[in-house]
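What follows is a set of structures to go through.
Here come two complexes built around subunit A, the first alongside subunit B, the second alongside subunit C.
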Partner chain A sequence: MRNLFAQMNLLSKLSAVWMALMTALAVFGWLIPLPDPREYDPEASAAGLFSPGHLLGTDAGGYDLLSNVVNGARTSLLIAFISVGFGGLVGSAVGIIAAYRRGRLDYVVSTGFNILLSIPNLVLGLALVAVLATSSDPSVPIASNRRVIIIIIALTVVIIPILGRIARGATLTWINREFVVAARSMGMRDKDIIVRHIVPNVLPAIYSVLFLAVGVVIVAEGALSLLGVGVVDGVSWGAMIARVAGEFTYAPQSMYVPVVVVALTVIACNQLGDFLRGRLDLREGRI
Partner chain B sequence: MAGSGTAHMRNNDEVVLEVRDLVVEFKIGRGLVVNAVSKVSFDVCRGETLAIVGESGCGKTTLGKAVLQLPPPKSGDVVFEGTNLTKLPKEQLRSARTAMQMVFQDPISSLDPRMTVRALVEEPLWIWERGTEEERGAKVRELLNNVGLDPDLVLNRRSYEFSGGQCQRISIARSLALEPRMLICDEPVSALDVSIQAQILNLLQDMKDRYGLTMIFISHDLAVVKAVSNRIMVMYLGKVCEVGSPDAIYSKPAHHYTSALINSVPIPDPTRKRGAVPLQGEPPSPVAPPSGCRFRTRCPAATELCAAEEPQLREVNPGQYVACHHPRT
Partner chain C sequence: MNSLTFKFIAVLRRVAQIVVVIVGSTLFVSLLLQLLPVGLEDLYVFALDEAGRQEQIRLLHLDANPVMFYLYWLGDFVRGDFGSYVYPTGVLDPVAPRLGAALPISLRLVVYVQIVALAISIPLGIFTAYRSGRRSDKVISYGLFTAASIPNFVFALLLASFFGVSLAWFPPLGYTAPGDGFVEHLRSMALPVMALAIPTVATYTRLLRTDVIATLREDYVTMAASKGLSNRRILFTHVLRPSSVTLFTSAALNMGALIGGTLVIEQIFSIPGLGSEIGLAIFSRQYFALQSYVAIIAIGYVVFNGIVDVAVGFVDPRSRERSNA
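Right, the complex of A and B next:
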């Protein structure tokens, strides 16, 4: 790990530090003595940056922004990591197996990917949330926890075809290499060929897209919140943006604090993805 | 030329591999089929090196792979040491196939760039769980020594750190790990510099002697083939043209295609005159091969008979077989 860090350029190092910081906030943020993110301070509505007791100020309703950023990191990154991790795993596995088997399975799978990819991320996520997370009785809203789970599922479905198509394409470039034919002629089973020869060669392509996908999901979560189907009543970066969307002229920091946090996180993800791709591509990385 | 037939088959006890009427086709969509290998028969005796020659696209690589059932042929039999591989269930085929190994044309593509040389050469042993960790390590060192690589220098390096010739040595070491009885070499030297080609050919000859291998040597280069083979089979567009000893093939080729191939070998002597004019044009498409003799469209001796009827292999001289209606004399 230290070795990897040493090879980074300045921008990648900053990105790694930022992502580490955000991850740390997500995991240990609740230990920091901050005001409750959902409790407003009646004496400090729309406080500016560096106000006493509110380092990043408050929004028009008097909610502490730093506390929301720190506690929102938990929800936002949880959604991003789980949906990208799970979606990446499923998508890659399906893509690799489809490309390896070819034939009808491949046809069905790539058609499925193409159909999902042809629907804009946001519309797809919106449709899934709308179907899965609507309450039949308007007076009993869906619980915040369940909303998070449903958003994770929706975003996983968004991620699967993205990763799946990358994995399928990368697999196709390796499948006809002579070392795969050689392995088969030596009597290697298909399962071992995939695990030992295909997966390690396909992974670099997947890693870089995984990081990009984290960025995509963080933005999608924000967008869903803005449209009113995110974790609206919960604490997340998207919810922060959504809550102040109509009133940010009174307290501009309430908008740009979460936006800057989201933007930096997405940029850091892209940068790390780029770095990893270069590092893991043997021809580019080592010679 | 380019005919079928089995007149050249030797039905004696020394035959290790017998291939009969092998057909390999590839579907390329819209109902079109590439006739890559059409009813090819041949046999290989123990300790022999059979060379399969022909120009690019004549089906020689496909034939080599089809012997290993990669992929299984459409029809025909591949009998190796008395076992018909085409009829074996998957698992039995997997283990029967280990007695035959293949060395591929592109030495760099045939080695996984992510694996160390140790893992590459050990791989076949790993698949079959042969020996303990230490025994496998010792075997890998022995194999690398045998192919002229210093184990201490190469074990922990990866294939992209090596030249083509060194990669081919690693491939050969790997192919010998399971102690096969037959080695199928698919253009093992055509991707290498001329100076390296001789080294690899010598190495293959050494390995053949040391491990008592029977070899199929696929090449488009007649000069290379002459140096290594006991018997030569000339292919054209998925069919056999001529089978014979290297001497017979070189001194008195009976098939017009063989003769054209030999005349196309560059001779490093500017004062020597060339024989017949080399072939004109390209081979016809294997999707729609010509009727009768597949060579007739480029053959100087073609007649109506060649379009109407496919020539069968027949003996023209002792040990020399040709599939041609009008062989050269």
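Right, the complex of A and C next:
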């Protein structure tokens, strides 16, 4: 791990530090004494940076921005890590098995991936969240905890075909390599070949995409909030963005904080993904 | 088998694939309605007497099983009936005219973005490739990588607050139809187009740069240079064309992502396109309309990608050989 960090260029190092900081805020942020993210300060509406009591200022509604960034990190990164982790696990398992078995199973799986990928990922997520988050009484919206779960489910469905297709493609390049053919001809069981020979070789390709996928999910969470189906009544980065988007005509300065936090996080994810992919190419080149 | 029949069969196979994906994705969206935690009857049947209820249930095909429900929808869809908004009074407001008004606005936005993005990224891609490895290339390339990672709504909000509110060069909200003054129309589209174009420019420039660098190593480029052709002439006539296949393919394939992007951008800038219609359909719980909107996006995306695939095969023989091998 330390080795990996030492190999990074400056930008990747900064990205790793930023992601570590955000993750730490998500996990331990509740220990920091901050105002309640959902309690507005009637004295300070749209306060600027470094105003008393509000380090990053407040938005037009008087909500403390720092507290929302810290507490929002928990929701947003929870959504991102769970849906990417779970979607990546399911997607790559299905993709690897389909590519290894070939034949009808592969046809069904890859057609399934193509079907899900034929709907632009934001539209797919939007449709899933909109349908699943319908409450029986329009005047009583669904509680924000349940919304978070629904968004995780929807974005997992979005991630599965993306990772699945990459895992399938990567597996196809390995199944005819000499050592796999040799293992098969020596009578090694399919399950062992996949676990011992395929998975370790496919994983590096998946790791780099996982970071990109975290970026995709963070963007999607923001976009869903802007479209009114995110964790709108809760505390998340997307909810912050949606709030400031409605207020930017009269409180533009409070917009910069959530916008910069989201942008930096997505840039960091892409940078780390790019770094891992570069390492992968190096490794391939040595073979 | 001669090559023409071979080509024909390849196209036919591609068409069959496209049909399978279209049926699959529309069926998927249709089945989605069965996942609603609320019954469709509770949402859309408002008549109080039993006879009226039965009438409405039959009219909306709510008594059909999921597969039949899909087939009814598909039958209507291919005949140009995209379903209706159902109001509590029992009034049906057809989707088709709303779609007819909204879709051209979104398409216009996407086309403007493509034009602007290509117009900027082609010279920029050639320049960075030509200066590859030097400081100007490094600075631009790093900047573009960063720009490509920033979500378009971030650009949208920054542009709206800076050029729309602080400087007031462009209207920060709203849409003017081209019929009501073309200059005003362009002004109202400027910020949304920029918000979508900046990340797109970044992606396209990176693609073109890679291909131009590869082409510059070709022998015929050295040959052209040794014959004394000017750099400009070599870059734009001998290098650009063979290097641009990846760029134009990805630009075409990027349509789907851009349509997804317009949903959010339209919402931010209050542009009455498809995104706003979808937002409205979700807000007012009109899932029949949502079904048709999502289906149209999916079909458009799949058909467009298919056409691009086949077209690239015709334009660039190398990709054809690869796919036949």
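Keep in mind that, in the parts below, the second predicted complex is superposed on the first by the 280 of 287 C-alpha atoms of A that agree within 3 Å, B and C clash if a C-alpha of one lies under 4 Å from a C-alpha of the other, contacts with A are read in each partner's own complex, and residues count from 1 in each chain.
By definition in this document, contacts are C-beta pairs under 8 Å (C-beta built on N, C-alpha and C of every residue); 3 or more make two chains touch, one makes a residue touch a chain.
For clarity, every value in this text was computed on a predicted model and none was experimentally measured.
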Quiz item: Overlaying the two complexes on subunit A, which is it for subunit B and subunit C: clash or fit?
Solution: fit
Quiz item: Which of the two partners, first being subunit B and second being subunit C, lies in contact with A:32: first, second, both, or neither?
Solution: neither
Practice problem: Report for A:270: first if it touches subunit B alone, second if subunit C alone, otherwise both or neither. | Solution: second
Practice problem: Kindly classify A:186 by the partners it touches after superposition: subunit B alone (first), subunit C alone (second), both, or neither? | Solution: first
Practice problem: Check the residue A:200 against both partner chains and state whether it touches subunit B (first), subunit C (second), both, or neither. | Solution: first
Exercise. Count the residues of subunit A touched by subunit B and by subunit C, then name the partner with the higher count.
Key: C
Practice problem: Have a look at where A:178 lands relative to subunit B and subunit C in the superposition and call it first, second, both or neither. | Solution: first
Quiz item: Given the touch rule stated above, what does A:118 touch, subunit B (first), subunit C (second), both, or neither?
Solution: second
Exercise. Report the closest approach of subunit B and subunit C over their C-alpha atoms in the superposed model, as a whole number of Å.
Key: 10
Exercise. Please name which positions on subunit C make contact with subunit A in the complex.
Key: 17, 20-22, 24-25, 28-29, 32-33, 35-38, 42-43, 142, 145-146, 148-151, 153-154, 157-158, 160-161, 165-166, 172-173, 256-257, 259-261, 263-264, 267-268, 275, 278-279, 282-283, 285, 287, 290, 294, 297-298, 301-302
Quiz item: Of all residues in subunit B, which touch subunit A in the complex?
Solution: 65, 68, 70, 94-95, 97-98, 100-102, 104-106, 109-114, 123-124, 127-128, 158, 160, 171, 174, 178
Quiz item: Along subunit A, where are the residues that touch subunit B in the complex?
Solution: 177-179, 181-189, 192, 196-197, 200-201, 282-283, 286-287
Practice problem: Would you tell me which residues of subunit A are touching subunit C in their complex? | Solution: 11, 111-112, 114-116, 118-124, 126-128, 130-132, 134-136, 138, 215, 219, 222-223, 226-229, 241, 244-245, 248-249, 252, 255, 259, 262-263, 266-267, 269-271, 274
